[in-house]
Each structure stands twice: as C-alpha cells, then as structure tokens.
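The first chain written gets the first letter, and so on, giving A, B, C, D and E; residue counts start at 1 in each chain.
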Amino acid sequence: MAAPAAETGPQTASATAPGAAREAIRVEGLHKSFGPHHVLKGVDLTAHEGDVIAVIGGSGSGKSTMLRCINFLETPSAGRVVIAGEEVRQRADGTCADRKQIERIRRSLGMVFQSFNLWTHKTVLENLIEVPVHVMGVPKAEAVERAMALLARVGLAEKAGAYPAFMSGGQQQRAAIARALCMEPKAMLFDEPTSALDPELVGEVLAVIRALAAEGRTMILVTHEMKFAREVASHVVFLADGLVEEQGPPERLFGAPQSPRLQQFLRSVG
Amino acid sequence: QTAVKVGIAAEAYPPFASQDASGAWVGWEVEMIGAICAAAELTCEIVPVAWDGIIPSLTAGQIDAIMASMSITEERMQTIDFSDKYYNTPTVVVGAKGVEMAPTPEGLAGKIVGVQVSTVHQAYVEKYFAPTAAEVKTYQTQDEANQDLVAGRIDAIQADSIALDAFLATPEGAACCEVKGAVADDPAILGLGVGVGLRKGEEDLKAAFNKGIAAVLADGTYDKITAGYFASSIYGN
Amino acid sequence: MGPLDLLALSPPGWGATLLAGLWNSLLIAVGAFSLGLVLGGLGAWGKIHGGPVTRDLLAMYTTIVRAVPELILILILYFGVTDLVNQVLIAFGHERIQISGVAAGITVLGVVQGAYATEVLRGALLAVPPGQVEAARAMGMPPLLMARRIIFPAMLGLAMPGLSNLWLIATKDTALLAVVGFGELTFATRQAAASTKAFFTFFIAAGVIYLILTLLSGWVFARIEAWARRGEPRNAGG
Amino acid sequence: MRAWLQPHRIALGLIGLGLVIWCATTMRWDWLPKYAPMMAEGIWRTIWLLVLSSVLGMALAVPLGLAQAAGPWYLAAPARVFCTVIRGTPLLLQIWLFYYGLGSLFPQFPWIRQSDLWPILRQAWPYALLALTLSFAGYEGEVMRGAFKSVPRGQLEAARAMGMPRHLILWRIWLPQAVRAVLPTLGGETVLQMKATPLVATITVVEIYAVASRVRQDTFIVYEPLLLLALVYMLLAGAIVLLFRQIETRGPQVRRPG
Amino acid sequence: MAAPAAETGPQTASATAPGAAREAIRVEGLHKSFGPHHVLKGVDLTAHEGDVIAVIGGSGSGKSTMLRCINFLETPSAGRVVIAGEEVRQRADGTCADRKQIERIRRSLGMVFQSFNLWTHKTVLENLIEVPVHVMGVPKAEAVERAMALLARVGLAEKAGAYPAFMSGGQQQRAAIARALCMEPKAMLFDEPTSALDPELVGEVLAVIRALAAEGRTMILVTHEMKFAREVASHVVFLADGLVEEQGPPERLFGAPQSPRLQQFLRSVG
C-alpha cells in the first residue's frame, strides 16, 4: 500500500502552536491493520517541542499501536512520520528505507513500554547503561554515574544490581522509565508509565515529566489515569475506533467534552 | 623404473598388514609388496588409505594399485582390473565343539551361519548354505562373527583358514570351537584368490605386476616370506 | 602384555598414538564446531529474517546436508571435486593439485554442523521474547550490536544444550577423517585394537577418554548456561 | 499450490531434475535389480528402528529433562549421570557393550536359553533398539532440560495458582511450551538419529546404509549406491522436517518484532 | 524455620466482623525473606465471606508477595494460612506438606496476576476453559458457554480465538480476570486488576467485583487506585515496610488516616 497523501479533515491536529516552538513529532494519515483487523484508520498528530501530549482512549483502541508506529516498531500500513522536521524514509511497502536514519531517530525518542521489556539477562544498572555506553559511546564511568543518579531519583538506587525478574511490578516500571531517560532523548514516548505505580510514585513521575518538559523535551504519553492526564498534559488526544475523536487542551477536553463518545468515556471517571 | 603408489588399507589386518605402536607398517603383504615391486622393477611407495576411500583414491589417481587382500570377483572386475592372484587361502567352517555339523548344505541345515559381509565367503554361503540354513548373519568384521560364535548366538562361521586359525589359537576360541572342515571348492567364487587392484585399461602396469608375482613365486622369495608368517603356503592351488 | 603395558606411552604401548589421535580429534572438532557455529548463526538469521529465496535455499541446505551421510559428502568433495578440478587443470596443461584431507574434512564436518546449528539457533532465536528485541530496537541499536549484546545472550540459555550435543557429536564424528587418511582417536583405537587383538582394553580406554572430554566440556557448557540464565528465576518442581 | 510456482522454486526444481537425469543416464545402475529387495528390506528396517527408538527415547527424555531441570537431587543426579555417560561415550561402544557384553552373558545361563525369551534375546535387534533408544534419550534429555528451564515461571505459576495437579501442569502447560521452544532442535536430533542407525550394522542388523555399503564392497562401485542412499535419506529427512514443520505451525506463530 | 505462634499485637487485623459471616481467609504472622531481604515482617489479615479487602501500599512494599504467599506460590518464611477454616499444612521448612490439599485450596482461590501470565500457547478461550474442563471436569460445551459469557461481559467476545501475544495490555488483563472467574472460585486474589484498564473498563470491573461480593465471595485485591479502593472495598489494609501499618473501613482510612505514613501516602492523591 502506498501512503496516501496526508488528508486534512476535521481530525487534523495541531497541538497548541505558540508560533515559535518547532515541530518535534508529526504523524500524518497513519493507518495500521493487523491482517483483516483495521486498528488505526488515519491518525494525524503533531507535537511541538516542550509539548506533553496525553493520549487517552478505550482498551484496544490502538494507543500502543500508534506509539509503536511512531518509531517504526510497527510498520504503518499507510501514512508518514516526521521527527524533528525529518521525514522517516519509507519503502513502497511502508517499511523504513534507511536503517541508519531510523536508528538515529529512535535514539532521539526514548520509549517506555507498557510491558516494560527490561532485558532479563542484565541487571537494572546494566539495562540503563547499555545503550549510552555501547551505542552512543558515553564513557562507562560517566554513564554509570548518570544511571545511578536517575535510579536514585526513581527510588531504585539499592536495586541497581538486581535482575528484573526479581523485582516488583512498580520497580520494573520505574527501571524502564529510568532506562529511557538515561539516553537523554529529545522526545519520549510513554506507554502507560504509571500503571504499576502507587500514588506517591505517580507524583514523582509527574514531577520528572514536568521537569523534562521545562527543558523543552517533547512527550507523548498514553495513560488511563485521567487525573494524571489532566495534571501533566499540555494537550490531550482522545482516540476512538482508530481515529482521533477529539483533542484539545486538558481543561476543555475534561471540562467540556464535545463528542458523545468522549462524554461517555469520561462519565465513568466521575 | 616407473614410480607406483601402492595403496594398502589403513585398517589393520594382521598378519597381512598392520601398524605397530611406533607407526611402522609390517606384515606378510607389506613384505610381499616390496618383493613383487622389486621383481617387477617398479619403484613402489606404500600409501595407507582407509578402506572406504581406497577405490575412489584409485579412480581419482591418488594411488595406482591396491594390495590390500582384495579378493577377485566377477562383479568387481566390471569396475576395476585385477592382476593374477598372489594368495588364496582355503575356506573352512568352524562350529561349536560337540555339535554335529559338516561344511555341506545338509550338514548346516537349520543352523545359523555367520559370515563377514562382502567377502567371497558371503557369496559362497549365500549360494550354497542359505537355502537350507536357518539364517545367515552378516558381520562387519570377522572378529565380531567370532565373538558371536563364542556367545552361542550363531552355530557356525565360514571364513578363510588363516583368520580362523588365529581365532582358534586364542584361549576363548580354543575353549569353544573347532574346525568342521573345508568347504567344497567353487572356483568361480573361491578360486580367484587375492590380486592387485588396478585402474581399468592400465595394461602395462598389470603386466608388470603379473611379471613380478610370477617372478617371486618362481625364485623362492614368496615361500621365504611366507615361512616367516605361516606354517604352510597360502598361494592355494 | 597386560592392559597397562598396552596403554603405555612409549612403544610397544599405544598410549602416545591414542593421545596423538585425541589431539587430532580435538583440532578437527574445534575447527568444525566453530565453522558450524558461524554457519548456524547466519543460517538461523537468514531463515527467520531472510526473503523467500534465502529461506528456500537455507531449507535446502539444512535438509540436504543433514540428510546426506557425511561419508558421501567427503568422498564427493575430496575425491570427486579434486578429480574434476584436476581433469580441468590437466586439460589446460597445469599441474595436478591436491586438497588437504584435513581441510576437506573440517569443511565437510563444519558444513554439516552448520546445518544442525542452524536449527538449534533458530529455535532459541524464536524463543527470545519479542519485547526484548523491541526494547533494543526502540533505543536505536544497530542490528549487529543488538545481535551481540541482546539477542545472543538472551538465546544462549536455551541454545546451550543443543549446542553441547553438537559439540560432543563433533568430537566423535572426526572418525570420518580416516577416509582421507587422517588418524584421529577412533581410528587410532581401532588400529591398536586390531593390531593387538585387545579390543576390550582399547575400546574402554577410548570410552574413558571420551567420557573425560565430555565431563570437561560439560562443565564449561554448564558454566556458560548458568551465566546466560543468571536473570531467570528457577522453575521449581511442578 | 501457487506458493510452489515461484520462479526460484521452478529454477531449483529444474536444476534438481537435471541432476537426477544426469545421474540416471551417465552412471552405472545395472546392480540395482540384484540388490533391490535387500534395499527395500533395509529401508524398512531403518524406518522402524528410527521411529521406535525416537518415540521411546523421547518418552524417556522427558522425565530425564524434567528431573534435571526441576527435580529433587536424588532424581536429578542419576538423570545427570545417565545423560553424561550416554552423550560422553561413542554410540558404537554402547551398541557393542549391549550386544557383545550384556547379550553374550545371557547364553551362559541355561534357564535363559531354555526360556521363551531366548529366541528374542538371541537376536540382535532388541539390543540395537535398546542402544539407539537410550542414546536418543541421553541427548534429548539434555535438550529437554534446557527447554523445561526456559518456560517463563509465570506460565507455571498461573497453572499452580489455579490448583492444577502437577501432572496436568506438566502435560498441558509445561511440556507443550518446552517442546515448542526446542522443536527445531528436536527435528535436527531426529535426523541425527536417522544417521546414527547405520551403526547397528556392526551387530548384524542390516539396514539401508549397510546394504549400500555392501553394494559398494561387492561391486566396488563407489558413488552410485551412496547417491541412492543419500536419496533415501533425503526423503526420510524431508519427511521428518515436514512432520516437525507441521507441529511448529500449529499454535501461535511467534510474534516477530517489526 | 518453624512458624512462630501467631502474635497478637497492635497490627492484628480482623476485617469488620458482622458476627454471622464465616472466616474465608486468615493469614497469621506471615514472614517472607528473599535471601537477606526481609519483605514481610509478620502480616496478619482476616477476610470474612463477602468481604472485599483492598490492599494498598508503596511499590515494593510486599503486596504481591503477600498475595502470593496466601496460595503458597511463594513459600512463607514463617506464619500460617487458613482458608475457609482449613489450615494449609506445612512442613518444618514452610513448604506445603499436602499437595492434594493445596491444589484443592488453590482451586477455590482465583488469582489474577500483576503480569497476567496468560498461557501463550493457548487462545483466550482455551485459557479460560483449561482448568474447568481438565481439572474440574466441567463438560466442554458447558465450559465454553460459560467462558463466552464471561468474555462478553469483559468485552472480549470477538477476541476468543486470539493468542495473548497479539492482544493489547488491557485485553490481556481482562482475559486474565475472566480466566480466574471462569473457575467460579469461592475467593479471589486480584493483583492490580485494573492497572491496564481505561476508566470505562475500571467501572465494569468494579461492577463485577460488587456482584461477586453480593454472592458472598471473598476478595482480596491489591490496587494503586485509591478511588477504586474507596469504591469497591469493605475494608482497606495499608501495607508499609512489611507490616500492616493501618487498616479499617475505607471511609475511616481515607477520611481520617491515623499513621503519619498513611497520611503521607495519601497526600499525593490529592
């Protein structure tokens, strides 16, 4: 399937555009099918530098799939992705054409998976320094220092030498967040980064994300916690049925939702 | 003088050809190679080759002749050439002591006969004894057949008398078994003996070997070498 | 002569011959196993990630090479191919060449080992949880680095038993090289046994040597496996 | 069906066909009629030795692997020793020990010779089957040990938490997942087992390889019988590969990242 | 280590005891160490039939470990567990002594894992009917019918034939809940059963749990969502540092927390 020209319809999105801020991530006309199952049906999304975009939506609505398409872990069936003004080159079948390019882009996009995906044969510390040391060429001592600082920040300093399989769910999730941060990426993709965390730690993560945003880093995060979304996001996107059903600043979306779908979705939050 | 590479089987086959612990090749056949080559005015070099590779080595030209106790048979003559025979040992049947049997189809009726695979003895047993025997078992080596005879799982074995004499000289062989007699001759199978294996079409080399064999037989070298290993001549008749 | 005299290190004992055979066996086994690992790694990668043509060619490789007895392969390579090459060379007025029997043997054994290793590694590769690879990919690791630092360690635990089987088979399959006139342990054993008629002594001696070799390499393989599995909790009894 | 008609497959098929025709026309096959019945018998013997020893061996390998992966020490240690000894000594030696060692003890007891078992014990195939089975069990016990260990702990905990009895966990959760992980290895080991069967010729069990060797020794024709043997083995190996691929494609396909 | 006699100290717990209701689950003096790491330091907990006990606490405080000790997935270092009046027989080293007994008890305790642990080689439907059909002897047709009804209830009817690896996080979690329910257990142990669910589905799960409680089934659930805990629980237990720091009815615990630890913990919920 060839990528259709980006459509500009009512769903086209542009996260609050304060003129000066440059585009960090843009997704245009993103489609994704798994066999006969059409999951994403033309998603458009733009994130500017320093934006924190919260993606909400029902289970199975394609949030994770969208995140995974942005860094081409999943090959889009159609559509294009532009990161920091650079379009990811694709072949006719949608796969990325330039390995070096996508690797570089991925290194600028930290990702925290819904299922953490920590490397089981490496300790937490080794998980953190793996990419900085072996891909980005950071001297080991420096990487360890940075990693230990991050681990301390998420309250895992004394688990640095533990293997992931012997840690609690929340500990694994924090380690996964720290691993993504350790690369010092320009933008971050978080897939439900607080699902296994207690309220105290959620507050911690919130603080981390705010600090990152203040530094000008861009973040897209999928979350089920509306409270968290409201507090952290500069822009909220509601995904339903493979399309962006509604989007806007959190106050408007949570305060005065327009579409019946979103109203229904938020009703249960109470 | 022409240089000839003579292949021998790398697997030991005492007393014809075997390696001693220091790696030197010794045995009746090894001495005979020297004698025949000298008589045929050939400069021979001995090249040990594993049995599985000996024919391909010959056809691929890595060796020129084979002297490895290779029996001459009609079937093999379609693939390679043979010189005249240079030895042919009598064929005997050995069985357990105290069991009545004779080396004849009737005498072995209902018995289990063991024989080494792909030897003239196998051909002979399959032609004469198989119809009446209970079973013919084939072994990869003669030693294995001997062992099974000792163990009582077979009743008789047929092989050349040299191999069986050596076996009957061992304590376990002497304890269990005895020679039941020589089988009736069938020149088409047993009478061809052992010859030098040669590539097809190398008539000059064949003639040279034939000349050498005739010469050692005539001048007494053959008997002299044989006397060092065996009680009587093994040239056959 | 008693068994101990037969096994003495200097002639007429056969100990030195056996040990020299063992050394040769090890050389060939190491060569073949290493070649097999390289081929197996490439083959497994190709079978999983290659295109349809690559996959079909590799399927043929693993099926045919595993099916055809090594004896045939070595006869064809060592005699058939040499013969063919020589005929061509002579036709053009060149000298005959002679492939080294050992090189031919190692090549054949290595290619065969490679076919088995392909399947062992493919299974282990498939058993690596996709999330492990995705994490590496999402962080922009280049494929080779990812193969070395993430995939290889993650698949090692499962691949180890299969590979250790292959290694042990390699040490024993060296017997094949007798065909090209190379004396390794099995051949030396048979030689000694046939020459002295002390079959029992020598076969037991060879068995013991192999067993010691197995114990030693088993220890090494177990260490590697334990290291590879260091992050995995133990599956306690059901 | 259409999958078979891809250009490269047609090309490969033609090359293969060409090779077969070349072999059939330029090589010597006049020995074939004489040895054909023997070969048929040999093939049959190879097949049943292979099938029986693999099935029985696998049945032994599962407990051997399990004992080593998760058993108490008094089960793990003997299993470990068994696998080490079997893998550590040449199969030929094992066959010899069973047949010429163990097997030749029996005739020394008259009551065994008189018993109904003797006609079976006297023959070679029981020892061949025994040796091949134990050998397969030894190698596969090692493979299964790794396989059992590799099943993620959570999978078993889920079963335990639901009160599944141990044998059911083993049979329905642990074993299927363990076997899945090593199917390619097991397929390879089965092909190896096929190629190990010729060793039983040393104890007078004549299977296809021994027949081919005999043709070579009888006629001194080198390549033709071996090529025919290779063809037979390729067909058998093809059947094994297909069988394993069939099993592999049942159940979920592994999700391959991007 | 021999199990010490149950201590009765300030931490001893008894979930609201309305006289008539019988004890369903009792845990006494539960200790658990992983090597040198002492995780549970004497936890006491009692659940009566129909109780819904919410366990809250920081990440790594031992909530999952406690749940896993109840059905002996983890061998307690000390302490005893009584299920429906029947004490789990233990050997001197703490492991359960009677396999048949523990298997029977486990069948009466449905468990939903934090990491779902769906069987990867079985479809969702096969995951659900596995134990009913092969352990409890329910006829297959009946089990399938019940399973399909449960799947429909959690909104997964059309995923019945899918393998877990191809489903979204929330779908897996719902399948895991349905699998536990399919056994019709007398009590349920939930480890963060809503971590991957959107607000709508959380509401669904809430309804399911209420319905089960109304049938008299007992539930212990670990959760990070205080709102969920407040709504669903009849009794809340706050775990800190391996001990029950505070417990009581949700109104009291959330309304007027006593211990400074809990106050601090709840502050971040805001």
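Criterion: a residue touches a chain if its C-beta (ideal position, glycine included) is under 8 Å from a C-beta of that chain, and two chains touch if they have at least 3 such contacts.
Keep in mind that what you see is a predicted model, and the values were worked out from it rather than measured.
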**Study point:** Chain hops separating chain B from chain A, counting only touching neighbours
**Key:** 2
Study note, to complete from the structure: Counting contacting C-beta pairs, the top-scoring chain pair is C-D
Revision key, fill the gap. With centres defined as the mean of Cα atoms, the chain at greatest distance from chain C is chain E
Review point. Based on CA centres, what chain would you say lies at the far end from chain A?
Key: B
Check your understanding: Using mean CA coordinates as chain centres, what's the chain B-chain E distance in Å?
Key -> 82
Revision key, fill the gap. CA centroids of chain A and chain E: separation to the nearest Å works out as 31
Exercise for review: Could you grab the centroid distance between chain B and chain D? Build each centroid from C-alpha atoms only and quote it in angstrom.
Suggested key: 36
Point to revise | Residues within chain D bordering two or more other chains | key: 153, 160, 166, 222, 255, 257-258
Revision key, fill the gap. Going by residue number, chain B touches two or more other chains at 56, 59
Review point. Among the residues of chain E, which ones contact at least 2 other chains?
Key: 115, 165-166
Revision key, fill the gap. The residues of chain B that touch chain C in their complex are 10-14, 18-23, 47-50, 52-53, 56-57, 59-62, 143, 170
Exercise for review: Flag every residue of chain D that touches chain C in the complex, lowest number first.
Suggested key: 6, 8-9, 12, 69-72, 84-85, 87-91, 93, 96, 139, 142-143, 145-151, 153, 156, 160, 166-167, 169-170, 174, 181-185, 187-189, 191-192, 194-195, 198, 209, 222-223, 226-227, 229-230, 233-234, 236-238, 241, 254-258
Point to revise | Of all residues in chain E, those that touch chain D in their complex | key: 68, 71, 73, 99, 102-111, 113, 115, 117-121, 130-131, 134-135, 163, 165-166, 179-180, 183
Check your understanding: Across the complex, what residues on chain A touch chain E?
Key -> 34, 56-60, 64-65, 114-115, 155, 166-171, 174, 192, 195-203, 224-226, 264-266, 268-269
Point to revise | Residue ranges of chain D in contact with chain B within the complex | key: 31, 100, 103-104, 107, 113, 122, 124, 201-204, 206, 210, 213-214, 216-222
